[in-house]
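These notes open a run of structures that come right after.
Two complexes are shown next, each including chain A; its partner changes from chain B in the first to chain C in the second.
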Partner chain A sequence: MLGDGYLEQLKREGRIVVVGASLAGLRAAETLRSEGFAGSLTIIGDEPHEPYDRPPLSKQVLLGRAGADRTALPRLRSVDATWRLGVPATGLDRAARRVRLADGDEVPYDRLLIATGVRARPWPRAAEAELDGVFVLRTRDDSAALARRLDAGPQRVLVIGAGFTGSEIASACRERGLPVTVAERGAAPLVGALGGVVGAVAAELQRQHGVDLRCGVMVTALEGDTSGRVRVAHLSDGSTVEADVVIVSLGAIRNTEWLSGSGLGAGPRGIACDAGCRAFDIRGIVTDDIYAAGDVARSPHALFSYQFLSLEHWGNAVSQARIAAHNMLSESTDRLPHMEVPAFWSAQFGVNIKSVGVPSLGTEILISQGSLQDQRFVGVYGYQGRVIGAVAFDQAKWLPFYQELIETTASFPPPFDTVDRRPDGQRPIDADFPDPSVPTHGPTVTLSGYSPADRRMTFTPAH
Partner chain B sequence: MTPSLLHQVLDYANRADPYPIYEELRKTPIHHEADGPYVISTYYEIRSLLHDPRISSDARNLSSTTHDPLAEGAQGEGALPPSFLRLDPPEHDRLRRMTNRPFGPPHSPRRVDGMRQELHGIVSGLIDDIGDPGRIDLVDQFSYPFPVTVICRLLGVPREDEARFHTWADTIAAGLDPDPDADPAERGKVSQEARMQLGMYLAGLVEERRKNPGEDMLSELATATGEDGAMTTMELLSTAALLLIAGHETTVNLVTNGMLTLLRNPDVLERLRADPRLAVPIVEELLRFEPPVQLVPQRTTLTDIEVRGVTIPKGASLWLVLASGNRDPQRFEDPDRFDPDRRDIQHLGLGSGIHSCFGAPLARLEAQFALSELARRLENPRLLEDPPPYRQNAVLRGPRHLSIACDGIRP
Partner chain C sequence: MRIAVDLNRCQGYAQCAFLAPEIFAMHGEEALLYDPEADEAQRAKLAQAAAACPVQAILVDAVDVPAEAVSGAR
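The block that comes next holds the complex of A and B.
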């Protein structure tokens, strides 16, 4: 079937299956149609809902400003797909090119896109996780259930894990006036993603807003009352926290189990794929017909010396989905690499936090604008003499400049003067990332592969 | 001898259609004439410089050999300090943040939207009063009085005082027009004098609002006690002067340029008449196609920087020609075509970065209301003079008059 005219035939009458009905899946489907795919398109999703947006779930929804059911993603165009919602995919037969579904059905494909994303890491002890009042926050239903419980006015909320999601939840609770305790295994909130220097600012913010923040402790057990409602949490320092709502915010697990036995290079770190989103098999050979995009994909990034990056970022899901969809329908010479510079944002305690690049790869940080004390600043991360990431607290409008530094592998520390450079920003300091072998809530970026020590590359963005 | 490109940009003869000169400029994205500013004319370069923290808006960072005729911050007793438009962080951030409190989100999310009905009323009233439909000067009868009335209501400045501050505003706006042939010291003095007069006038209002605060922005700014504390009186006067002038000197051009463009593109005008929602993309495309602020001549380098292989020395004066970047074919397909159906209009018409237009949400709403109502109510409108006579100003570019006629005014 391969050969002349195959792509034309694929576009005309091929079968494309997208597993994963969230942001990446939807945007990929739209791209397929806008690039002229006229064949049959099936979108499989384990949740019963049409694709929805997640960022509001830990912000506006918890504040009661938007209903969880009002977060459907805008459709950029009609996708004319067969939707199989509420039915998880359970297996993949690569030889027969079929996706198995939980209801026993099988869906054949000529091209497959895997965008199954991640799910919340549950509380490890099942019996405790079952207690009434214990939540995770990943899905629309999670968010709606939690918002309802917060409406009821709990006595105290305990958030376990102070990564971005945990911190945003704590922020929303404080904005509602609820007493909140946050327990974090690391030395400060956000340390996994941004390091201890910035983490200290995040800790200060939480305390200023009345959060009872406890760092360097683990929650060892959750205890319920006789009616099965959570009542108290035991901490590793021997203390206890009485809370009637507990939110477990310990990062995410990649949804790859359904691929076991398929021969695809999929595991707990995601699905390995090339820069064009084509999945690898377990022998490290790239497939021609299977693509991965979004949180579940991990692919080499030219700007970070081809380290495999897996990113739980909104923008990454969108751009990877578009690249994957485009490449599915393209000759090898027309395929595009996924080269977008990682970026994410968070809103918590009245501060807009935004980052570009991969801060967690950095070892040093320079406060190039503003000051940590003011909680308004830009921090630049350096790794082996080059700029690798930047973070802004209420200074997001400067970030395109720093993104350009990252894209052009500019040297670190930046040698020039800037507006608002303060005395404490004259010299870089240790960014203070925790030892990666010690588990925390984890950064939302995972790296594996070569070190980006090579500065010979020049990257010229096409704009 | 051919006049230099810089002179051609400023030459009044090219005011009605500066775009061929901009096209010429873009052949050298970083254009520099001896002793002159560095003129940046291409989209990506302008955009990146607007986000570059090595670029300052504060005239005090210009090297002593570079003179800035536009410097607001003239020295001397009683002079108004620079507004946040001419300041860098952290002062800029603090003043802009404090000004934003009574104006926009998160503290006042409904201020602009809450003016919808008022805007509609003002627009209707002005159109009702047009009189002879055969001889309309759109500028005098509509595009000038509309934003002036709006900014007066928003700030709490009595509309009756318009005659007083009009002259000062005119002088200050004229001072924004770089003229390499004029004596900079003399120009600076005249402009500074007008700012001071305006400041003294506003000081009277501020004092009154402190005693008797109302709902307007001036009252809120004068009595504010946020996390940033209160503005000093001088800061408050500078800010109020900035809002008053920027609040109408730009919108008048946006609306006039808009109507001119629509009359030159009758098919789009007809579509707008049928569907007022089209005003939203029309205004965005206008901000690209005929931006009211053509260039930003108020930036300087804090250090030597390299742009496209050219080293711009520390302390140099930069002119960012937004209107040229907006027509850069590297960025926009068929850039000289007015096309409200264009997707992805990321124009430079309102700037970008920390100094991006403070009043943008209001300006957009004003222009949308103005154009959709003019389209709906003027029956068979047409231009009586094309091109119309333009204002002298190369920075704040727009017609001085726009003579149009129509068959009647629809109710």
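The block that comes next holds the complex of A and C.
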């Protein structure tokens, strides 16, 4: 079937199905049309909404500056698709090339893109998670419900988990003047993503803005009143926090369950794919008709020793979607690898936080510009003698420079002087990341390369 | 009119906040806040702001959204 003319025919009259109607799904659909795909395009999404942007959900929306129902993504071009919204895909038959839907329908494809992303990790005890006033924040509906509750003026908000999302929520609550307690298992906020040195600055920021920050503790139980409203949280240090709104911000779970039994290399750590976004099957053979992009994908990255990288970054979803769409319609020699340097932003307590590369891979940090005390600095992360990542607090304009150092595998510590380097930034120090074997909610980047010592994945060959 | 800003690109030059203050505002020294769905009345200003952004970080609808209307059913 492959061979001369197949791609031309695919472009003219093929069937492409995208599962996951969000950022990656929409940008892939737009690219398919830009690259001349004229066949039928079906976009399947379990949420009832058309694609919307998530970053504003924990920022503008919680600050009351935008409605949660007003974050739909701009359309960069027409996609002329059949939209199947509000219905989850429940299975994949690779032999018959069909996607099964929850309503019993089946959609045939010649090429499939999986962009099902992640969902919020729920509070582990179901009965407590059900209490009125307990929230997670991933979707537009989550954000609308939470914003409404914050409008009502709760007595105290408890945020469980001080990763990026948890910290942004705490920030928005303080800006609204609400009393906030943050409980974090690690030693500081953002410690999983940025390490303890930078985490200490994040902790200082929170406290300066009036957050009751408790680190090194776990919430062990949530308790409701007789009418089923959350009332109090019990902490591992024996203390309690009275709160009528609790936001569980413990990271994300990849939406891959619907692929079980499909034979695709999909599991809790995402869908394994090659640098061109083609999904692997469970035998480690790359498929040629199934692609993955965005938060759900994990793929080898040339800059990071070809280890498998899973990213929960907006920019990554956009760039992988474009690569996947391009490659779907291309001869093998014209395919492109996904080689973007990971990049991430966050805004909290009025500070613009941005990172490039993979700071969480670094072992050392050098404050190359500004100072930690001023909460305005650039930190460069080193790993085995090279620059592997950088973070900026209110110094975003310098990041392209550091990105270039990462791209060119420059040596660490950088041998040259940078502007505005202070005496305390002359020498690298331990970046102070938590022991990776202790799970944190934290990093939005996960290295998940297989090693023979890794026994957590079970593989049962059929023969 | 829908808006998304690629804040990885945005360098906080505040050009947009200067040209279309109803839509874009600085939050603290560098962080940018924007209204993801601006009023139709702001169309001209939004176009100016998007064009003026030195790193072209502002994404705006290129097609009329109703033409791309999404229906829940097939």
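The rule is short, and it goes like this: the second predicted complex is superposed on the first by the 449 of 463 C-alpha atoms of A that agree within 3 Å, B and C clash if a C-alpha of one lies under 4 Å from a C-alpha of the other, contacts with A are read in each partner's own complex, and residues count from 1 in each chain.
FYI, a residue touches a chain if its C-beta (ideal position, glycine included) is under 8 Å from a C-beta of that chain, and two chains touch if they have at least 3 such contacts.
These numbers were taken from a predicted model, which means no experiment stands behind them.
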Partner chain(s) touched by A:Pro48 [first = chain B, second = chain C, both, neither]: second
Per-residue touch tally on chain A - higher for chain B or for chain C: C
Which of chain B and chain C A:Asp420 touches, first, second, both or neither: first
Touched partner set for A:Glu404, first chain B, second chain C, both or neither: first
Partner chain in contact with A:Gly216 - chain B first, chain C second, else both or neither: neither
Interface residues of chain A shared between complexes with chain B and chain C: 350, 397
Of chain C, residues touching chain A in the complex: 1-4, 6-8, 10-12, 27-37, 59-63, 65, 67-68, 70-74
Residues of chain A touching chain B in the complex: 350, 368-370, 374, 376, 378, 395, 397-401, 404, 416-420, 463
Partner chain A, residues of chain B touching it in the complex: 44, 47-48, 51-56, 88-90, 93, 106, 302-303, 305, 330-331, 353-354, 356
Residues of chain A that touch chain C when the two form their complex: 48, 50, 53, 55-56, 59-60, 63, 65-67, 70-80, 82-86, 105, 314-315, 318, 343-345, 347, 349-352, 354, 394, 396-397
